[in-house]
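One structure is given here, and the rest of the page talks about it.
Each chain carries a letter (A, B, C and D) given by its place in the written order, and its residues are counted from 1.
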Amino acid sequence: MELTLDILSFVLMTTGGAFVLIGGIGALRLPNVYTRLHAASLTDTMASILIIAGIMLQAGFSLAAIKLLAILIFLLLTGPTASYAIANAALLSGLDPQCDGSTVGAADGDDESGEELRS
Amino acid sequence: MIEVVFGVFLLTLLVITAVAVVRTENLFVAVMLMSIFSLLMAANFFILDAADVALTEAAIGAGITTVIFLGALALTAQREKRSPNGRFATLGVISVLAALMIWATFDKPRLGDPDAPVHQHVAPWYLEQTPELMGIPNVVTAVLGSFRGYDTLGEVFVVFAACIGVLFVLSAGQGLDRGLFAPDPESEGLRHHLIPKVVGRLLVPFIVLFGLYVQFHGEYGPGGGFQAGAIIATGVILYALLEGEASALNALPRSVLLGMVVGGALLYTGVGVAGMLLGGNFLDYSVLMSDPVIGQQVGIVLIEAGVGITVCGSLLSIFHAFAAREAR
Amino acid sequence: MELLGYFNYWVFAIVFAIGLYAVIAKLNLIKKLLGLAIFQSAVFLMYITMDKVEGGTAPIIQKGIEGQLYSNPLPQVLILTAIVVGVSMTAMGLAIVVRIKEAYGTIEEDEILDSDHTA
Amino acid sequence: MSLSAQLPALQIVVPLLTAPLVVLLKPRGTAWAATTAASAMAFAIALAIAAGVLSGETYNYAMGSWPAPYGIALGIDAFGSLILLLVTGASTLALLGCRRSLDADIEQQRQPLFYAAWLLALAGLSGIAASADAFNIFVFMEISSLAGYIIVAGGPDRRALPAVFKYLIMGTIGATFYLIGVGLIYMMTGTLNLADMEARLGDVTNLDPVLVAAGFITIGLALKAAIFPLHVWLPNAYTYAPHAVTAFLAACGTKVALYVLLRFDFFVFQGNLAEHDIQFSLFLLPLALLGILIASSVALFETNLKRLLAFSSVAQVGYIMLGASLVTVTGLTAGILHMFNHALAKGGLFLAVAGLALAARGLELRQLGGIARQMPWTFGAFVIAALSLIGIPGTAGFVSKWYLIQATLDHGALGIVAVLVIIAGSLLAVAYVWRIVEAASFGEAAAQPDTGAISPSREAPTVLLAITWLVALLNVYFGVRPEAPVELSRMAAEILLAHLL
C-alpha cells in the first residue's frame, strides 16, 4: 500500500514536472504574447494540479493535505484569472493577436479568443 | 544535501534576476523582475529556516513594493534613457569591493555550522527562556514583541514616518483636500471585466480572513503584525483595482486610514507607557497582569495588533497617495 | 562541499555589488531605487544565512520533541525590521521621484542637473 | 521606579508619543505649539540628565526590564548627554524662533505632517544618542533619516527635491553599510550589545571579518556624518531645506553620526584590533586635513549664503575628526568640545539666516546687498556667531580651536603641519565670513524696484531675533566660561579612551 501510493505520487509529480518544462519551453519558443501565455498557463493549471495531488498523496489524511487542497483551489482560481488579465492588458495596449502565416495553428486559436475578448 | 543543491540553484537564479533588473531598459519589466527577485529571496529564506521572514518578504517585498513601484511608474516614465557607457571605473571599484567581501568570507563560519558564535550566545537563551517566560511557541514573535520590542516600536515609527512622508511630499502644491484626496470618479477599475470581477470578489474576503489568521496566529506559527498588515492591505488594494479607487476610498476613507496609522502607533507606545505607569520599565509587559507570563502574552497580542493596524493603514495610505494622483 | 557552505556569502557579495553598481552608475532615478532595493536585499540574505543550523527547523518550539535543533531567531527578527525599513525608504524615494518628474519633466539625473544649470 | 530612573526612556518616548498626536492637530498653530512643547520637555529631560552626569551618575536603562545582552539597553554617559543636549536644544530653539519662517515655507494643511516628521527626527536622533545596542542604533538612525528627508523636502524651491533624493540614496547606502558591519560583528560574536561586543571580540581568533566590519561601519557612518570626501549630499540638502530645518540639522544632524562612529570605534574596535588606533589615524587624519582645506576653499568661492555655510560645516566636521584622529585625551576633548561649539555657532548663523531670508529677496550674496543696514540687529547676531565660527578669542569657537592646537602640538612634526592647516582653515573662514559681511554692509543696497517701498528697518520677528541673540550670546558666554562643556567633553574623552587599555 505504501509503495503503491509512493509510486502513484511520484508519477503524478513527474508528469506535473514535465508540464512545467513544456510550459517553459513554450513560453520561450512561441512567437507572440498570446501564444506564450497559452503555454505558460499550462503550468498554472495542469502542472499545479498534478504536483499538488502528488504531494497530497505523500501527506496522507492530515491537516497538511487540507492546506494543500486550499492552495490548489486558490491557484486554480487565480491562475486563469491572471492569464485573462494579462491577455486583456496586451490587447488593450494594442498588440495584434494576428500572426503571420508561419505559426498558423497557435495563431488561429488565439485569434478566436481575441475576438471573444473584444465583444 | 538536496537542500544545499536547491539553495544553490535558487541563489544562482537570484543573481541572474538581479543582473536582468539592472540591465533592462524597460522600467516596467525591471519592476516585475524585481518582484520575482523578492519571491526568489523569500524562497531562499524559507530554505534557510526563516519562515517568518519569508512570509514578510513575500508579502511586502514581492507584493506591496511592486504595487508602489507600479504606481510611481504610471506617474513618471516607462522607459529608461540609455545610460552613457564608460562606467568602467565604477564597475572596477565595485568588483574590488565584492572581491574583498568574498575574501572575508573564508574566515566566517560555514553555512549551518552549529558551532558558529551566533548559535552560542544570546540565541540559546531566547530558545530556552521563551517557553518559560512567555509560554508561546514562536520564538521569533517573542523576541520581536518583547525581548527586542523597542526595536519593533522603532520600526512601527519608521512605517509611520514613511506614511506621513509620502503624504507630505505628494500633497505639495495640491493641498491635502484637493488633488491628492480626490480620486478620479471615472476610474472604474476592472468592473466591466467579468472574470476578474467574479474571482476577485470571491477572493477579497478570504485574503482578509487569511490576514487576520496570520495576525492572531503569530504566537503559534509564522506570522504577526507586519505580515498581517501587509496581507490585509493587499486584499484592499485588490478591491481597489477591481472596483476603482473611489469605491475603495468609500469603504475605507483616507481619514480612517490615517486614524489607523496614528492609532496603531499610539496603541504600541501606550502599552509601553502602561508598563511604566504600573511600576515596570518602558515596554515591560510583565506588570500588566498579576501573572507575568499572562502579562507578556497580553502585551504581545496588543503590540502585534498595534503593528498590524499601523502597517495596514500606512501601506494603504501610500498606495492611495500614488494611485489617486494624476499624471502631469 | 566545504566550499558550498560559503556559497550564500558569495551570492551576498555579488548581489550587493550589482545593486550598488545600479545605484551609482544608473542615471534613471527609479533604476537607482531598484538598485537600492537589491542592495538591501543582499544584506537580508547575509543575516538570514547566519541563522541556519544544520538539521534545524524554524524556531517555533514544538512541545514533546526533545533535542530538536532550532535556527537562530535573532537575525530573523532583525531582518523583519530591516525589510519594513526597506519598503519605507522605497516608498519615500518614489514619492520624491514623482514630484521630481512633475517639477522637471524628467527622471534622468543628468537632465535634471542640466535644467537647473540653464535655469 | 523613580522618575529619575525613567529619564532615559522618557527622553525618547515624549517626542515619539507626541508625533502621532500632532498629525491630528488641524487648527492653525496647534501642531507647532504641541511640537514645541514636546521638544522643550525633551530639552528639560536632557538638562536633567546632563546635570546628573556632571554629578557623576551614569544612566542605564533596560527596555522591557530584560537584562542587557538579551534585551535592548539604553546607556547615557557624558558623551551621550552632551549630544542629547545639542539635539534637543537645537530643535527647541529652532522651533521657537522659526514659526513665522516655517509658516512662510509650508502650507497650513501640510503643517501637521511636517511637525510630526520633525518630532520623529528629534526622537530618532535622541534615540541614537541614548542607545547602547548596535542594531537599535540602526533602527533609530532610519527613523531620524526618514524624518530628516521629509523635513528637508519641505523646502519651497524645486531644487530641494533632487537634493533630498541624493540625501536619501547616500543616507540609505550609509545605513546599509553600517548594517553590514554590524552583521559581520554579530556573526563573529553573537551579540548586539556594544559592551558585550567589546568583551566577546577579545575571544575571536579570525579577525578578518571584523576588519571588514570596521571598514564598512566607518565608511557607512562617515557617509552619514558627511566626512570629506563623502559629503556630497550635504551642501544641497542644507541649502534648499526650510531655514528652520537647516538650523536644526546643521546643529546636530551630522554630529550624531560622528558620535556613533566614535563610540563604535573606541568601544568595540580600538581595544580589540591590533594597531587599530594607527590605522584609524592614518585613514582619518589626512581626510580631516584635506576636508578643512578644500571645503573652506570651496566656501570661499560660493555665492549662495546657505551653501557657503554648508561647506563651512563640512570643514568643521574636519576639525572634529582631526581632534578624534589624534587618539589622545586632549585631542578627543577638543573634538567633542568642537561638536558643541560648532553647533552653537552654526545654529546661531542659520537662525540669523532664517531672519535675513524673511526680508531679503534671495540668499545669493549679491541679493543681500545692504541687508546689514536694513536689519542691523539680526546681522549683528550673525556676525557674533560668525566670529565664533572663525574662532576669535572670547567666543566659544576659540576655546575648542585652542584645545585642538594644544592637542596637535603634542605630535611633533605632524602636529606642526596640522596646526598650520588649522590656522589656514581659520584664515579661510575669516575670508569667507568677510565676503558675507562685505556684501551685506557695503554692497549696493540691492536695487529692489520690484518690491517698491522698503522700510529702512525691517528686522526679523521679535521672537526669532531674541532666540538668535540668545544663541549668539551663548557663543560668547561659553567662550568666556567654558567650564561645563569642557568638563563634559573631558569626561566623554576619558570614557572613550578607557576602552583602549
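By our rule, contacts are C-beta pairs under 8 Å (C-beta built on N, C-alpha and C of every residue); 3 or more make two chains touch, one makes a residue touch a chain.
Every value quoted in this text rests on a predicted model; they were computed, and no experiment measured them.
Between subunit B and subunit C, the least number of touching-chain steps is 1.
If you average the Cα atoms of subunit A and of subunit B, the two centres end up 29 Å apart.
Separating the centre of subunit A from that of subunit D, both taken as means of CA atoms, is a distance of 58 Å. Distance from the subunit B centre to the subunit D centre is 32 Å, each centre being the mean of its Cα atoms.
Counting only residues that touch two or more partner chains, subunit D has 135, 139, 142, 146, 149-150, 153, 186-187, 192. Residue positions of subunit A touching 2 or more other chains: none. Among all residues of subunit C, those that touch two or more other chains are 16, 20, 50, 74-75, 78, 81, 85, 88-89, 92, 96-97, 99.
Contacts between chains, counted with the stated touch criterion, involve the pairs A-B, B-C, B-D, C-D. Within the complex, the subunit B residues that touch subunit A are 190, 193, 195-196, 199-200, 202-203, 206. On subunit A, the positions that touch subunit B within their shared complex are 74, 77-78, 80-81, 84-85, 88. Put simply, subunit C touches subunit D in their complex at residues 16, 20, 23, 29, 32, 36, 39-40, 43, 46-47, 50, 74-75, 78, 81-82, 85, 88-89, 92-93, 96-97, 99-100, 103-104, 109, 112-113, 116. Per the touch definition, subunit B reaches subunit D in the complex via residues 100-101, 103-109, 116-123, 125-126, 129, 146-151, 153-155, 157-158, 160-162, 164-165, 167-169, 171-172, 175-177, 258, 261-262, 265-266, 269, 272-273, 275-276, 279-286.
Chain contact summary for the complex, subunit C toward subunit B: residues 1-2, 4-22, 24-28, 30-31, 33-35, 37-38, 41, 44-45, 48-54, 56-63, 69-81, 83-92, 94-99, 101-102, 106-108.
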